[in-house]
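Here it is, the structure in full.
Letters A, B, C and D mark the chains as written, and numbering starts fresh at 1 in each.
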Amino acid sequence: MNTLGRSFRLSILGESHGPCVGILLDGCPAGLALDPADFAADMERRRGGGAPGTTPRREDDLPIFQTGVHQGRSTGAPILILFENKQVDSSAYEAVKSIPRPGHADWVALKKYGGFADMRGSGHFSGRLTTALVAAGVVAKKLLAPARVSARLLEAGGSPDIERAVAEAMAAQDSVGGLVECRVRDLPPGLGEPFFDSVESLIAHAVFAIPAIKGIEFGDGFQASRMRGSQVNDLLEDADGRTASNHAGGINGGISNGNELVFRVAVKPTSSIRAAQLTLDLKTNQPALLSMGGRHDACIALRAPVVVEAAAAAVLADLLMLEGLLPRIMP
Amino acid sequence: MNTLGRSFRLSILGESHGPCVGILLDGCPAGLALDPADFAADMERRRGGGAPGTTPRREDDLPIFQTGVHQGRSTGAPILILFENKQVDSSAYEAVKSIPRPGHADWVALKKYGGFADMRGSGHFSGRLTTALVAAGVVAKKLLAPARVSARLLEAGGSPDIERAVAEAMAAQDSVGGLVECRVRDLPPGLGEPFFDSVESLIAHAVFAIPAIKGIEFGDGFQASRMRGSQVNDLLEDADGRTASNHAGGINGGISNGNELVFRVAVKPTSSIRAAQLTLDLKTNQPALLSMGGRHDACIALRAPVVVEAAAAAVLADLLMLEGLLPRIMP
Amino acid sequence: MNTLGRSFRLSILGESHGPCVGILLDGCPAGLALDPADFAADMERRRGGGAPGTTPRREDDLPIFQTGVHQGRSTGAPILILFENKQVDSSAYEAVKSIPRPGHADWVALKKYGGFADMRGSGHFSGRLTTALVAAGVVAKKLLAPARVSARLLEAGGSPDIERAVAEAMAAQDSVGGLVECRVRDLPPGLGEPFFDSVESLIAHAVFAIPAIKGIEFGDGFQASRMRGSQVNDLLEDADGRTASNHAGGINGGISNGNELVFRVAVKPTSSIRAAQLTLDLKTNQPALLSMGGRHDACIALRAPVVVEAAAAAVLADLLMLEGLLPRIMP
Amino acid sequence: MNTLGRSFRLSILGESHGPCVGILLDGCPAGLALDPADFAADMERRRGGGAPGTTPRREDDLPIFQTGVHQGRSTGAPILILFENKQVDSSAYEAVKSIPRPGHADWVALKKYGGFADMRGSGHFSGRLTTALVAAGVVAKKLLAPARVSARLLEAGGSPDIERAVAEAMAAQDSVGGLVECRVRDLPPGLGEPFFDSVESLIAHAVFAIPAIKGIEFGDGFQASRMRGSQVNDLLEDADGRTASNHAGGINGGISNGNELVFRVAVKPTSSIRAAQLTLDLKTNQPALLSMGGRHDACIALRAPVVVEAAAAAVLADLLMLEGLLPRIMP
């Protein structure tokens, strides 16, 4: 469903072309200072900063605290943060209502919701909802301090020269995927619970909710599948759990070991491309050529790191709280 | 925690060297035929069939139905299936109680449970618990029919010549990782729920609970991060959702699209190796050399496919039930 | 937490004197017709219709569909319904910030949230939040049809002459409690799940969330504790489960039996009364006399029946869905 | 479902005439001393101590720790405690398979599970399962200390002369209900969470899972529905929350206030009575006379107090843990 977390709990809501998107945070400790200004930097990162290959849709992304915040601090009651959708142009979607866009959720939404889904701008499936997730991440990262979560784009189209890969994709009226790495420093050991709530399980659960994510690996990840045990095992160096190497990505037996938490996620290329693609017109049951001229990202991965941070931070804040390591009233 | 699923719910229990491991299944429809013989084939697959590189520990792995099964059928009440641990030899663990084994959960367990965890044979962290998960998988696969889940090992040590990779690792007193692929045919479209209960989220959650899994990818996965949109988009061919290609691995927008569901998981090399490794003796705070002479797999990935199937099947049976597509009384 | 339900899930939010209260509904089937006019009658019942003994606070209680509704129908995405707070006067609360009102949550809120809770008008603890719950009830009752939920006030102050009991309490600058009965007709048998999700368990869980509820009983309830088995057992009359009597209130073994579901709830007198009461000034640690002159109900039970209906309907809609008896796309 | 609790989680299992009943406890802190002898007193209270009016079925009720306990202490892994069923005589049930017993779950089980339910001795619906719940209570009460939970029978058949009420019912080949009161001392304030996880909500949820419970009230409960606000409000006496009276039963706004927690539950008369009752033979669709000659309690309420304690203790231990007030490793 649209809810994540056991004690620090997020519920996400909204559609791309409806009045708003938003996040409902339940279980946030009381007394946490929350100011709209706290959200500005991450919102700007999510918008992509106007870089080539990011959507020209420009929302101001100002968080509106509807509930749960009073005199600049969380009250202990559920926090509802809304973001208005202002730059909405749904004209393009009217025409293609019965023509599922390749790579998008149009066909499955039709199947699952029988034509009632609001699919303007991809509706509830839109990347627009990550605004709400990023807002949750801002709050979660505050709770996690002094632990710090930071993600960055390592590659686009398989190349570390990301600008070039994006430019080439744009020139070809195409899009391109990317690889994001996330690291969390100063995380306490002991987070995560066998059997089903391993740190990997919970982070993967949250991260795969982000549109366009198709893979995740922790520590050496897929490379570990090609290696020997003698290469992969991290050797304990002191009683605090420090290890010389960090092939495990900071997790043993599903539990954080105090080393840096490290994971990478694969972001697929944006499904919307300008080049014409073949699909089906469900009204006529005939093939149809579709070229997407709307406001799209050539490389959604450019804007993904802050969203990945948010997903990880939300999970870790919940684990911290479940472990009894977060005060119920912030100092 | 040790529970997975919303309506078809698994709870796993037990330790490697305690009396038993087991699974508690809640929410299974009534009337499902369940016979110990149904479990034999998957149990044998999990044991590894005596192949080189699999542990010599041989349990008979006979499922004992303690509750919830009457006259060969599920009753609707919780089903408890236990597997006795008979081939237990804990002598090796006494000696190394304060010497964490590299790559294992020994140190984090000490940190989290303060020395009270039963770590004989890795205790609750042991791969022995996958016996219980496989049992859940047997039940889940019955519920999923006619959809079929099947996984196999694609590579060990990065090579499709798996036997050779394992033999070489054994000769080097080492272990080696592997790559498992899982496919699900004839799955109905419409499973999975935005935002946080995408099919990818739920399957990844379950799969990362399996010890030694460090990565998962759906469809083209990490390869998609290196590709263009025009290469990755699957083009709709008919009104039933069929597509010419299947780069998405059967999932759009987190929801099953009726095509084959495809994912791969990275299995790290077994942490226990015969070659000596450096670690720390926590009593003396001095480095210690550790060589693991017990009954270990040189390539745990050899035995992983049936476990991956089980994790996926459990998730999909739950989704089927949540979607109202499973009868509450089996026909 | 602020969430109820497994598949049809409510999350409640808001404060009495903040911008709004609201409800987030997740899991509602797609295609359900939802119009603001559908809510008017229940909103008016909750306001009390201007009857003597009900608060003079008059909100228009117009539901604002923020998300999840498109072209007059649910889309399958989360539905956020907000109600603005317009008639807010917080002046009275400034003065008594450190003087806990007898019978209210002031002291526990202070203890739990350390002074950060927004307690103007009782904040998140206010009966104002039942507006949101009633909105959920409107949706749930639509899903439940043809089953019908109806509650009414049986007694106030122990007397069936309710108007008189309320008038006498008002004359005495006091408040008075009441007894509400709820009945559900045409409910299918088989709802509810042993062991912990009995129909009684789930309805009681929801009903005790309503402020001022201090007791619940099903069927003969407390009277049954004084009776003999031969008096309480309902005798089966036909194969459809019909029984001559209904001492069980429509539930056996925690499962609905197809007869009318019947329960009663005890509503305590409103805590706020005009007569002076002794309490403690936490600043001076001295006794203080407090007389509550704000806008209060002399008998909150007058307005409780529609709230009780909502709580029951939400639970039953969830059970219907879990049993596979609600379509995912409304016909 | 058969699971209760968010962080300290119980799953109940078993049938009256199957091999065993049991409880699976997940989330119990590590290091808690657990000895079979700890369970003896509560098990004896649940058996009824051989008092007139209690069942002659005598099980030894020895807890078998299958998992999660090592060297006399909890390990942090799930704890499975089983109780064998030895005194089983199912012969009486064969004859009445198609003749639903009045007041029992026979008909609803047939409807819900289609004849697959194991209804020997009422199967999973049996009061036998409260053995497992009591075991959970023993563990929970240890975690709760220094808070103390104690329940006792106040009345049977409406009279404080309980022995006489039971004797009269037995003489009449009938059964009789009772009223149980539970009190919890030294509970910390601040437990419980608005809106849906009020202390009343959670305790009522757990208590209504116990077979035969038909009502619950907190503090003055139903009596409060007949009273005035000036009579019911508890006046604050000191900054620690102490109040002169305790009409609220220790809970304001759904949150514990540090005073004694007080609630009462109504236990209906045992459904099984020796006197003949009319029911329906579902095979012939003809009325049938049924006289229950098995081993039954004339007053199940005699044995209920320790079960009510267990339900309350389990809920409160979970709340303590969620509030961060229970260590994860017991000192």
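Throughout what follows, contacts are C-beta pairs under 8 Å (C-beta built on N, C-alpha and C of every residue); 3 or more make two chains touch, one makes a residue touch a chain.
Nothing here was measured: the structure is a model prediction, and the numbers come from that model.
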| task | Would you kindly say which chain has the C-alpha centre located farthest from the C-alpha centre of chain B? | result | C
| B-C compared against A-C, more contacting pairs | A-C
| note | In whole angstrom, the CA-centroid distance of chain B from chain C equals 44
| So, what's the distance in Å between the C-alpha centres of chain C and chain A? | 36
| Set of chain C residues in contact with two or more other chains | 1-3, 7, 12, 77, 109, 112, 124, 190, 194, 328
| What residues of chain D sit close enough to touch chain A in their complex? | 6-7, 77, 190, 194, 321-324, 326-328
| query | If you look only at chain D, which of its residues touch chain B in the complex? | reply | 1-3, 7, 9, 11-15, 18-22, 24, 26-27, 30-31, 66-68, 70, 73-78, 80, 82, 109, 112-114, 116-118, 123-124, 328-329
| chain A contact footprint on chain B (complex, rising order) | 1-4, 10, 12, 100, 102-105, 107-109, 111-112, 124-125, 129, 155, 157-158, 169, 172, 174-179, 189-190, 193-198, 200-202, 204-206, 208-209, 211, 213-239, 241, 248-249, 252-258, 266-273, 275, 277-280, 282, 285, 301
